[in-house]
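Each of the next two complexes has chain A plus one more chain, namely chain B in the first and chain C in the second.
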Partner chain A sequence: MRTLIERLQDRFALGPITEQRPDLAFVTVERAVLRPVLTHLRDHEGFTHLVLLTAVDWIEDGLFQLTYLVHDRRHGRDVGLRVLLPRETAEMESIHDLWPTAATYQRELREMFGIAFPGSPRVDEEFILEGWIDIPPYRRDFDTKAFSDAAFVHRPGRVTHDPATHMRERLHPEGTAK
Partner chain B sequence: MTRYATIPAPETPAPAIDLSSGKYLKLWQGPQHPGITGNMSVELTVCGDEVVEGKTHVGYLHRGFEKLMERRSFIQVFPIVCRVCVPEPDFNEYCYAGVIEELSGIAAPERALWIRTLILEMGRINSYLMYLGGQAGALGLGVVGQWTTYVRDLMLDRFEELTGARIYHMFILPGGVRDGLPDGFDARMEETLREIERTMADVENVMFHNAVFKKRTEGVGVIPVELIDTYGVTGPNARAAGLPNDVRRDQPYLVYRELDFEPVTATASDMYARADVRRRDVLVSVDLIRQILAKMPRSGPLMAKLPNVLHWKIPRGETYVRGECSRGEYGYYAVTDGSGFPRRINVRGPSYTHAMALLEHLIPGTNISDVAALMVSLHTYPPEIER
Partner chain C sequence: MKPDDAADPRLPVKDELKKRIVKGPDGFEFEVDPLQDYYCDARPEVRPGSYVRIVEDLFNWARSESLWILGFGTGCGAIEMRPLMTPRFDAYRYGIQWRPTPRQANLFVISGYLSVKTLKRVIRSYEQMQNPKYVVGLGSCTINGGMYWDSYNTIKKLDEYLPVDVYIAGCMPRPEALLAGFEELKRIIRAGKAEGANLYAKNFDWYKANQKRVIHDWDMPDYNW
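Right after this comes the complex of A and B.
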């Protein structure tokens, strides 16, 4: 893994590197470098399998982290490429021409995080959610409770008690204990 | 690399299908349809009996697990992960335990690793038995499903006596497993394994030597070997194409290094080859369970010491842990931020690529009556797609 990272460093400008395990490393790259690094890993280093593509919301930093995890079957090792995008204008180049399955991941990220992937096939079609009207739900600032209170009618007969008061009233109905 | 198929450039889209021409018909297979693999549907465009386009639709089973996990403490996440996949829930428990142990620097005791491997192999057999019944049923062989359901039920009995539950076991938790084997478990497991072997011999005769089954499955739904990596194909779907890809052997986890087995492969890469790989894989798992019971330590701790789970904080980090489930590569990607809650957990299920991009690629050109069997032959479970 160390020699692979050194070879990548010779070729591309890499950001912080985390060697998580001997067979797994995470590397931060600039957005513009991602595609050349991915293509190089796929075509010259044997990382032919796109394991996953997902996002992490670092809301306090105003950033989305995209993680592209690729796997080299022959040597049994993985590299995770991290790309940081500004949260407010999150847009990324599509890689569906490198791996057709990336289109599905990108469609999900578009829907769940609101990250744009212009040019990715069917990226604007609904994937899991139907008729969604709120902010993308996997963003950290999406409030599930507030959404559910506003969107759904609660069944009558449900009461929420303050546990301390409720137990005091149950145990001491006459109100003798304070 | 030479192994890559030519993928059409994005600026040359496929010719549009003119529905107003009267030549085509839209046909929905699912979500309420006996020939669909669970809660999903395929929107087919047909021209006569031939399918010209298929689009997978999911979302019928979205429960927002990944979001739910972000709001729960690390120990509170443990009982819900198994719900991601009904027919083979233990892989979620193993992968979740794996990422949490790695990020918090905990090592599960050796005896727990053996019991985890045993449980994963038991679950693999169950998942295959369910598949074999479904694959035969999709082509009109109803009796095979009844036989495999019978032996699967025997295995559920073993699960029940080992874990206390039949479907969702909640047994592999971060740090180890909940309990050891009960008294007399080995003998009862051996009885179950023999019954499975007897049933699999019957299944082989009735299903795999059946002229109708062969005619309907041979040469149908072929996945070219060049597409294996471009479409992220793993597990038996890849092994049926001749690639011996098996995480258990390629990146041995738990105690697979100590077990003797070879990945089952075939070459035809059609529906028949995929079914046959899974049938033979059941027998491999039966053998692995025997090896595990013969070699595993019978005493020793089952749990590592955990921090106070009510105040369990894990330092900032990220990792990915994978394993080979019955359908292919299953993995959890986890990110922690130093707090008492996961920042992000992403479930990587093999069906995500098999049922979406791959199925949509394989469907055009097939006959309507083959679509159900083709979907089943990819062995997809929709909950993995939408989590």
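Right after this comes the complex of A and C.
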């Protein structure tokens, strides 16, 4: 893994690197560098399998983090590439021409996070949600409880108890035991 | 489900699905479009019971002894129906069996959480079932949302959208609980109180308004069967 990262560092400008395990490393790259790195990994280093493409909402920093995890079957190792996007104008280059499966991930991210992937096949069609009317639901500023309260009729009478307090009150109603 | 799917140029249409003129066995020619939905969109009507009480009781006894369930698993509760079908719990000995189409079923078991997307299919399937028809809500999710009580995409109270005859509580209810629930439903049917289909017809506008409040892309007929 060390030699692989050194080879990558010789060719590309990489950001911070985390070696999580001997067979797993995460590399933060700039948006423009992502495609050359992915192409290099796929064509010259044997990372032929796109395991996943997912996003994290760092709302405090105003960033979306995309993680592209690719796998090298021959050596049994994974590399995760992280790209940070500004949250307000979240748009990323599509990689469906490198891995066709990426189109599905990009459709999901478009729907659930509102990250745009121009040019990706069927990216603007509904993926899981039908007739969604609010902001994308996986964004952390989407309040699922408030939305659920407003959108659905709730059956009255739901009571929740903190288990510790509830059992203490039942077992020691006089309140002696702590 | 969307009508424009058929016209999508990226999807090749098989020959047997294309619109064509067919000649019937009596020599009469008619046009067939296999991809078109043929339905009747007349409003449902309240079906009055038999004039004679004893006849209606006989009918209700017969109905209660042949509960045919639509094989539509909406959530994780569907997994509890497999042991019921197989010899360990063997629901068939109670006259309960599973059917593949809504046309042949008279009992709809809503097995677990209902997302808004599934609710749409459930309503369509329910309306295609023949009268009299019954609905059983299985699990906490159908009663008050269960563990999905704050989810953005699951309904919380099933009887807002469909008339429910029996709820079976639990997360998940065991197959024994389901059998007990089916026995309870039989008792209700024999007593002549399982009037879900009539209730749906009577309060049709209320149910439709509730359904349309959560299904924002309503792209199907208001009633179809």
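As a convention for this text, the second predicted complex is superposed on the first by the 155 of 178 C-alpha atoms of A that agree within 3 Å, B and C clash if a C-alpha of one lies under 4 Å from a C-alpha of the other, contacts with A are read in each partner's own complex, and residues count from 1 in each chain.
Just so it is clear, contacts are C-beta pairs under 8 Å (C-beta built on N, C-alpha and C of every residue); 3 or more make two chains touch, one makes a residue touch a chain.
Everything numeric here is computed off the predicted structure, so don't read it as measured data.
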| item | value |
| --- | --- |
| Partner chain(s) touched by A:Leu66 [first = chain B, second = chain C, both, neither] | neither |
| Superposed model, chain A: greater residue contact from chain B or chain C | B |
| Which superposed partner A:Thr101 touches (first chain B, second chain C, both, neither) | first |
| Touched partner set for A:Leu81, first chain B, second chain C, both or neither | neither |
| First, second, both or neither for A:Leu34, with chain B first and chain C second | neither |
| Touched partner set for A:Glu130, first chain B, second chain C, both or neither | both |
| Partner chain(s) touched by A:Arg21 [first = chain B, second = chain C, both, neither] | first |
| Touched partner set for A:Thr144, first chain B, second chain C, both or neither | both |
| Which of chain B and chain C A:Arg158 touches, first, second, both or neither | second |
| Partner chain(s) touched by A:Leu109 [first = chain B, second = chain C, both, neither] | neither |
| Shared contact residues on chain A - chain B and chain C | 128-130, 137, 142, 144 |
| Contacting residues of chain B [partner chain A, same complex] | 1, 3, 7, 9-10, 58-59, 62, 64, 66-67, 70-71, 102, 229-232, 234, 245, 250-251, 317-320, 322, 329, 331, 333, 335, 343-344, 346, 348, 352-353, 356-358, 361, 386 |
| Residue ranges of chain A in contact with chain B within the complex | 18, 20-21, 23-24, 26, 42-43, 48-52, 54-57, 65, 67, 69, 73, 76, 78, 80, 94, 96-97, 99-101, 103-104, 119, 121, 126-130, 137-138, 140, 142, 144 |
| Of chain A, residues touching chain C in the complex | 128-134, 137, 142, 144-145, 147-148, 151-155, 157-158 |
| Residues on chain C engaged by chain A in the complex (per definition of touch) | 116-117, 120, 143-145, 149-153, 155-157, 160, 210, 214-218 |
